[in-house]
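Chain nomenclature is as follows: A, B and C, assigned in order of appearance, with residue numbering initiated at 1 for each chain independently.
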């Protein structure tokens, strides 16, 4: 790809796209600014990294319009846009090779049930097992060893990595990515306690519904609803080892970092950001655009959109930071208290 | 199923089972009271939901004997029992369809070792791999892609979902359910530190033993013992992504919620309830019927049965709540202290 | 194995190795001192366990040179070394049977891509899927159902347990052990936020590199780098359900306990010990030999080697223990404050 071609490509997303330097050079790969070599493209989106412009061997660097580039080596070309980070993401996309290079069609070792329907261009990997009456949309790739139980529906242009398991009845939208080892639709953790201390299993009769453009990391678990659906909203991003329990509803474009755990029947709003290892008690609700700090423990509903939560039990960031400051100040309080006590004795003695 | 048939069925578990309304109506499915349709059965076990009795379209609702039903629509029939929640669980069971509908017998793509014994009615799914000398009890279903290493023993009427791995020597009781992705019997995390800072692996020569009626969620890990057995007691319920380390002993009917982590050689009593993301230090013991709050960190043994624990390091609920109240009160303490300080200055100046 | 043979074997690792008692007895298995039977070998490395020497039925016990053994049963032989614990680990190794007893060669149900190279003595289990251009070193065992995407390189003498997934490009050293369900090289969790609240996926173009002698537990996840490599240093030990995000660098011989989570671009030094469920914010660095307590939350870099960290946000052990002591003392502070307040009123009234 020539520099000029990259400029034209970015023109789809940004206006203007300014080129400084010659446009004929060939770019073979993207790279980090610290380690980029000749023939590579990199970017600087953060002031901290501007220093690398003096030393980088990159042939092309994407920067913000405001960066003065005259002082840097004439062997570097620059493309200036309003958001160099996102521009670089688009360049990465252009250079990305597909992770799963399955041949189109059905691997001879795959085991396909009865009444399965598949769109054009579907690719089914080695040893994949697909249950009866599943449907798989156009151009979807199912990696080796994935298992779909019966009546699973997957949309178009999805990528299901190896060893994913989808239980019966799961409904998955289009352009969904699910990484290896994730389990979608296992039974919710529901048991009715009996007088003798044992439990009777509550049959989990619902399903999981996953919207379009969702990405799910590796070894995550999303349980089916007891009745009805566990819902992952369009565009939500769920990291590795996240637990989403039965009957949860995750809002659109909500992001959940690794190892967070969402208990049963929790509703998260749209565009929330949940930190890693955060935990949620059951049956609560978060409004839209709420940010939850890593390791926080959410014990009740928060219905004001856009706030940030932190701590255990979690409270709004401002209150929590004040609380943490007070905790850090405990030593000073103790000193003051001891001092007062001495003064008091002094005074009482007078 | 007719309403009358449901009444008769519940008669196995409850006495009396009172029917109000006509008994001939056909019931096709269970549903939540908020969304139940004509021909469906639902329940109300909690006062909060009584309001839905005025508006539900359900044809049958299970309620407690004490609920006055005369005021509600004559199109609803009611069945009254002493525990409508558990009654509804039994109804769910009646309507539940099997999740794994494997054909009886051994799938042609399964790989079976030497000296394997299987009871009648066993079902082995596609691509299952079973090592030498395994034994599988009557009517047990092994889902696609499960792997049993050599010398694994599984009892009767178990359901092993797809992609479960059981390492060699694992012993599993009857009526056990293991969800996808769980790994039973991997090596305990044992390494002997050497003087040069490196580690020598401690061979993990024990096994895992799982009692009858245990249910294990998706992507959980239960490590084999270094020597002897890691034991999961009869009736224990273990949720998704739970970690149980080598040489643990989990008591009968103990429940462990998602993402909790139990370090090596911990002993939990019977009928304990462990909250999600709770963590346990190694080599400690909990008495029977202890409740541990979510995200708690248990750093020592607690030997008094029936207490509740909370916090980090965890302490009995009462102490911890008092402690948390005091923390919330810190601001007031500080105000009071500052006030006293001013007064003291005032007084000293006199 | 005779007692004399065990003495000779330990002579490879220790000098001197003293035998007390006769050396001809046959030893069939290692066992815990509490439960050892005739014909078994055990050890005592901790004063707490010396009491068992009076009652054990073991035929051979490994002890420290300093233990006076004359008083114990003449049916026990003793071998004395400077480190009985490590000596026993070596004995365990001697008695350990291989967990994966795959036949040498390639199982007929395995699916091997084009251009794959394998060393002598490689063992490929049932239904294993190996992508194009992978290379597998001498004597490496790949368990059933493991999936290697294209261009994966694995060294010599590795054991990959069933159902492990390695994404494309992963590089693994020699003598590495990876337990079932772990996913190596899935996409890092990188998404560029857009103005409308949605996200654009950042292509994850890097790889994972795992050094020699690493062991990885079950269901762990190690994400590939966005660009460059996520690096697991030689000798590191990673427990079950651990999350290691994109672009992390884990130092040599560093140990990470179960369910810990390391966010993106974190660098851990050599010989660190990370407790279970500990969490790390992104882009921070820990020096060598740092110890992190279980459940700690690390929110910034710590660059002093050898310190211990604890709490949330984590701070050096000494400060944190002082802080925790002060928290425990809050009740006393409150009492003192209330007392002072009363005295003050008294005094002001005079």
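Observations
Going forward, a contact is a pair of C-beta atoms (placed from the backbone, for glycine too) under 8 Å apart; a residue touches a chain by one contact, two chains touch by 3 or more.
Given the structure is predicted, the values throughout are model-derived calculations rather than measurements.
Superposition angle, subunit A onto subunit B, using Cα atoms only: 120 degrees, a multiple of 5 between 0 and 180.
In the contact between subunit A and subunit C, the residue numbers used by both copies make up under half of all numbers at that interface. Averaged Cα coordinates give subunit A a centre that lies 27 Å from the centre of subunit C.
Residue positions of subunit A with contacts to 2 or more other chains are 109, 127, 145, 163, 181, 219, 241, 259, 277, 327, 330, 333, 337, 340, 344, 347.
Listed in rising order, the residues of subunit A touching subunit C in the complex are 30-32, 35, 85-86, 89-90, 92-93, 95-96, 99-101, 107, 109, 125-127, 143-145, 161-163, 177, 179-181, 213, 215, 217-219, 235, 237, 239-241, 253, 255, 257-259, 270-271, 276-277, 289, 294-295, 327, 330-331, 333-334, 337, 340-341, 344, 347-348. Within the complex formed with subunit A, the residues of subunit C that make contact are 109, 111, 127, 129, 131-132, 145, 147, 149-150, 163, 165, 167-168, 181-183, 186-187, 189, 191-192, 194, 197-203, 205, 219-221, 223, 226-228, 241, 243, 245, 259, 261, 263, 277, 279, 281, 297, 312, 322-323, 326-327, 329-330, 333, 336-337, 340, 343-344, 347.
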